[in-house]
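You will see subunit A twice below: alongside subunit B first, and alongside subunit C after that.
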Partner chain A sequence: MSFMQPSPVKYACSCGILNPINKLFFCRHCPKLRCGYCVCTEIESHFCSNCLENIPSSEARHKKNCCANCFDCPCCQHTLSARAANVPVVRKSEETKEGESKESPAAAGTPPATASSKPSAIPTTKKIYYLSCLSCRWTTRDVGIPDQGVASGTWPENECLYQARFNTLVDYYQSIVLQEKQEKLEFMRRKAPKQHKFPSLTDRTGLTVSLIRRQIGWHEKSIPKAKAISIPPAEATADVGSLPEDIFTEPLNLRNITTIAQRHGQPGDQPTAVSNLYPQRRSLWIKRSLRCRQCEHNLIKPEYHPTSIKYRIQLFASYHVPEVLMVRCEQPLQPGKANAILLKLSNPTMYDMTIRILSALPPEEALISPEAFQQACKIKEEVVTSSPLVRNTGLTLSRQNSTREVKREVEDVSNAEIVPLESEFVLSQRDDSKEFDEDVQLPTEEPKFIVWRKGNKVLIRLQFTPADELPPNTDVMLGFFMQYTYVNTVSNASDKKEPTTHALHSRIFINAGAIEKAN
Partner chain B sequence: MEIGDTYYSKDEYVETASGNKVSRHTVLCGSQNIVLNGKVIVQSGAIIRGDLANVRAGRYCVISKDSVIRPPYKQFSKGIAFFPMHIGDHVFVGEGAVVSAASVGSCVYIGKNAIIGRRCVIKDCCIIEDGAVLPPETTVSSYMRYTAKGTIEGGQGNPYFVPAAMQDEMVKYTKAFYEHFVRTPAI
Partner chain C sequence: MPIYESVMQEKPPIVLDIGNAYTKLGFAGEAYPRKIMPTEVVLTTTGNTKRLFDYEQKDELYDQIIDFLQTIFFKHLLVSPKERKFVVVENIFGRTVIRETLARALFVHFDVSSVLFVPAHLIALSTLAVATAVVVDIGYSETSIMPVFSGVQIMSAFKDQSYGGSAIHAEIKRQLLETGVKESLLTESVLEDIKVRTCFVTTMDRAHSRSRGDENQPKPPPSVDYIICDNDTMVEVPGLLRETVYEIMFEPNNERDSLPHLILRSILNCTLDVRKPLVESVFLIGGGSMVQGLLPRLQQELQHLLTNDPYYAERFHD
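Up next, the complex of A and B:
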């Protein structure tokens, strides 16, 4: 049993998709299970995953979401690391000779003879740096980028041919946006009636500020109108030039041609030859915070700091929903033959839970309706509106416009009949100190299906019968509803102080294993 | 799924006062430089090269069969130097893995036959997939998954690559592994 293997126990999310419990979240306000598909994602912070530096979002936008110091290999997209080499510097001569270093005997351009050819000079060494990929052995010397005197910060930008044109186009469109915004504002101002509560004297007499100003002889007080800068429009040309002659004569060396991934890594010029590859600035990574799509409460919110692994808000399903672990089946699985499965349930909450295992959805009145629940914990409106992202980007995330939850039926994949437990049972609260207690269990009257009980864990025996017609090697899926009491500690209404208890249910599917071959 | 019991014979494993369980069929070079902080399992065939530099492993680590823990080196102009290696708590090192990282954070899962090049930095809550090869001096930041294809995926808050509750999962897994690593009952 490995940590990486998929869990045989799957919970049906409120959207109908089956997920193991570690991929699910639990919205305390809805209260429902949420998976990665029923959440909104927000960017919490930007950081560089190589130098682990936190970069504010405005700076990240300014730097085009790239790290200033780290580079990726254009060949294999791995991180480049700066290598140092000592070169003998010949004094009195202006040109520093690039000598041979131990680390890259083949890469340096000048032969070692040049440095030693001037015996009159005093040999001193200077540290120079170049970037090298430790994964594919690509170096900046391969493409003729000169070595640098400092390890970071001085690497030249890869200015592509169209950079100037691209920048003017960006400026042009930005000015157009500005102009349109201003025109719209002007239009709204003219259309809208005067907002003053008390009309001023000038309004009644028909004297406007601009009229007075004109009479006095002052110039018009108005903001200068933004004008779109004019740029030379692009011109289409029919002349695309002819193919070079040698394309038909020279044999093609595929080693010198870039791959698609390499070209896409350098979208500005998309080089075809490997000699034009250039170190790429490393893209930034993000930390995400997730929100419930229904009520827009945060489900998880990580800490800003890149090295921190903590969360400020963490509503994992494994903190609220009883966890079901499959232990084993009692007998080899045979079609149509009664069997029993041992399940270990644990209560992660600080309150005792009453659990029922049912084969069908419990009657509706026993459950709480989600609307009633939301009424019960009326959420303060400013929680939603205070989200800076919502305000700044103007996303339509307001309560009315939030994405409607798509009601999807959970696909019933079970192919076995379970025998529901005859009675409910209580799972006691989690108590971490119990772990160190002496194992003294008072013999209590337990229902028959409880095999073992310790602290917040219980081992139950659930009887089931796989369907008759199952061929060998098909997986037996058990499906059941687990109803549990959940103590809601988020009651935002001021009149209710004590937490309220609700009966919730989740649908669980267990892959019990494959049908054995009949002997 | 519940972890099954792993049995070991009394003669094979040495159990220390702090709860470390170390197989006798391991190569622990320079054992005075190896610090196991308690409840660490070192399974048979594992090699820990404490003779090169200090190796420290936190609590509840699992060093599986035939894995190699080797402090990283760096080449200087005047020869090479080895650096001490730190492994955090609740780290699982899979079978046949070769770890030569400068530091391994807490709650890290290193898959089977993974190779971690010298002077890599692996932060907390990472997953290194089975058979992944990390080139030297790679940094894997928190909540990232290094795939066998050689790409880095995930990030905190992305539930598809590394579980959001990776810390709890690894704590639970390594504790359960330790509790289910039991001596063969005498017959």
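Up next, the complex of A and C:
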């Protein structure tokens, strides 16, 4: 399999999109091919890609999806590293601790080399830290952020300039929403008819609760009404500043002006001057798990820990579906001229497969088995939906979701006629130990389209004819159906213990190459 | 208060503002967007980047929008869109196809619980707690003007013209090509960078004396040596270019469709009683409005037109 080039062999996913096999998944419960488009993505865990620390989702939400310790360079978006420097501190015996801490930021500005020990005091050094970009040499000292005493120090947050005003705006709009809701509630309460069987005494006498309360001398009992907070509106100003005069005379130094990417990296204030750039908190990454849209089973579930690249559930198609590799065409491709292609098929599963290559959709009875299997899966599916209410209605939530996305027709891009293989053949199971065995091929009777066979791999010869009127340099696409038997080991229903065998089919398109120029 | 708390405890809605050049995204209740990113998709088949709204078929747009939203949710916002609320800021006269396709992608593919479309001009005013203003949006593909009175958009007075960021890019490209710069160097990102970092809007006096063709033309600002890193070459950006590219917004012509004319005409399209409050507050939004010198120039131009142009003078000073 070539990772650098797009694969010439494409499988049609059950949603109708063509993909190479390494981008496909295989849902064992459906059982069908799934691609990135027809799965549901879920967020498994948040982590920082720099310090590889796992961050719980509530904390991630609170920290605005940023790592607490790692920073990115505001100039080049590279990761900043904390650098340590030794700063000499003149420690006099009578000096208080306060004086010392005051002195250290001032000393930070001077390069450490100049400050050799002074004769009058005992020379001690103090470690201070600053952030530096190893890629573009930007440091926190450039913009005047004071150095810190601890490596993972408390770097200043660049607060938004308008945060206070924004908070009052939010309060204002929230109070409006609140008032509206309360008034609606009040209205509904007043409109609702009283649920009394007998007319109450107070109704007849006109003696209401509030009246009695007033007569007794109590306070009026009423819910304090929510009042909208008044907010001073922004005022239009006639003073819009003016263009600085020196813009016409002073040469422009591009190094001091931020690029648009740098401005957008700091969306809060979008500074135009480089001196206003601040270290940016590094945004987190996620691990995602994929779920089949149809049956809501997990297809991919990564391991929780950020340092692990393994999966707990991995249903990649290349572990379940026979892989087709294009080896070569026997002759140069000419329009309308019979040709043959060599294909290498390999069986990734632990069970023998029977494979047929067909030019048209297999007959109806072969198609039934997936649906029948789904029936068997029904029991499991109902367990997935937890709510008993939903289960009683006989309507599972998963069903609802699946019907939403429109299924597409597979776009038939083939422009060559293939000759289907006359018989089916067996592809033996994958056995890693066999790879090292001596090649003792028993002289067996093979169908004549099989060129070579070893272990779980077989090389077949498939005859085809490109369409007649193909202009030179157009790609010849072969399309065929591959029917294979798949042994499903997943046992959903409790009564079925032994694995079931299904005949599945995949539609495969192969880009055989371009038509040669006619001589 | 129970209602208040329930409002606060809900997951904040996701806010999307998908512009022609840049997309702003974040969560409701935060002071600024989480991320500003180019409105581009990387095609999975070829690996090329492509503008989101470049498409030939409707299906193509749908797939691109899904790819784009997928990156937004799982690369930037890091939240699952399922059963979330959405606020989409949109151009009120935007294409229906895009709005419908976006809604379909959100509801069908991502299973969101609700989508609220809000018009960009109106919602911009909510940040000011002001109900009446002329909102001028200088965007990438167009400049549009919408008067808003008491929180209601006056649709009949809506005006738009095609001078936005892309027109400025084209003007920079034209002027640079004239000076003999190779066209292959001037990619869209280079033009944008030249625009953002070197260009400004000049004062009215200088612009007028230039357009009149006076004998003693004002001396152009110093030119800038601009380095194009990708090609290891240097381009000289002439001072004249820096000063004059934004003039396409202020060009006087018989159509009377330069930016100050457009604002005044838009106000004149409103009824008499709302003109006074409208003319008192003009609100500029959009990336194009952040350029240095635009605000003072616009103020000068508007005041100049109101006093010297008989058409406006007689209608505004009654």
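Here is the rule we go by: the second predicted complex is superposed on the first by the 365 of 519 C-alpha atoms of A that agree within 3 Å, B and C clash if a C-alpha of one lies under 4 Å from a C-alpha of the other, contacts with A are read in each partner's own complex, and residues count from 1 in each chain.
Heads up, the rule we're going with is that contacts are C-beta pairs under 8 Å (C-beta built on N, C-alpha and C of every residue); 3 or more make two chains touch, one makes a residue touch a chain.
Just so it is clear, the structure is predicted and the values come from calculations on it, not from any experiment.
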| task | Look at A:H505 in the shared chain and tell me whether it touches subunit B only, subunit C only, both, or neither; answer first, second, both or neither. | result | neither
| task | With the two complexes superposed on chain A, say which partner A:R213 touches: subunit B (first), subunit C (second), both, or neither. | result | neither
| message | Going by the contact rule set out at the top, does A:P302 touch subunit B (first), subunit C (second), both, or neither? | response | first
| request: May I ask you to decide whether A:S289 touches subunit B, subunit C, both, or neither, giving the answer as first, second, both or neither? | output: first
| Between subunit B (first) and subunit C (second), which does A:R461 come into contact with in this model arrangement: first, second, both, or neither? | neither
| Touching partner for A:N50 - first (subunit B), second (subunit C), both, neither | first
| In the superposed arrangement, does A:R430 touch subunit B (first), subunit C (second), both or neither? | neither
| query | Counting only touches as set out at the top, which of subunit B and subunit C does A:F316 meet: first, second, both, neither? | reply | first
| request: Name the contact category of A:T41: first (subunit B only), second (subunit C only), both, or neither. | output: both
| field | Overlap of the subunit B and subunit C footprints on subunit A, listed as residue numbers | value | 41, 286, 288
| For subunit B, which residues count as touching subunit A in their complex? | 1-4, 75, 77, 92, 107, 109, 111, 117, 123-125, 127, 129-130, 135-144, 150-152, 155-160, 163-170, 173
| Once bound in the complex, which stretches of subunit A touch subunit C? | 6, 37, 40-43, 46, 60, 64-65, 160, 162-163, 166, 169-170, 172-174, 177-178, 181-182, 226, 231-234, 236, 238, 240-243, 247-252, 254, 257-260, 263-264, 267-268, 270, 272, 283-284, 286, 288, 401, 404-406
| query | Mind pulling up the subunit A residues that touch subunit B in the complex? | reply | 1, 3-5, 7-9, 22-23, 25, 35-36, 41, 44, 47, 49-52, 76-79, 81, 86, 102-103, 133-135, 285-290, 300, 302, 306-309, 311, 314, 316, 318, 325-328, 344
| remark: The answer for subunit C against subunit A in the complex is residues 1, 3-4, 7, 22, 24, 29-37, 45, 63, 66, 70, 73-74, 76-80, 82, 108-109, 111, 126-131, 133, 192-193, 196-198, 200-203, 206, 218-222, 224, 226-227, 242-243, 280-282, 290, 292-293, 295-299
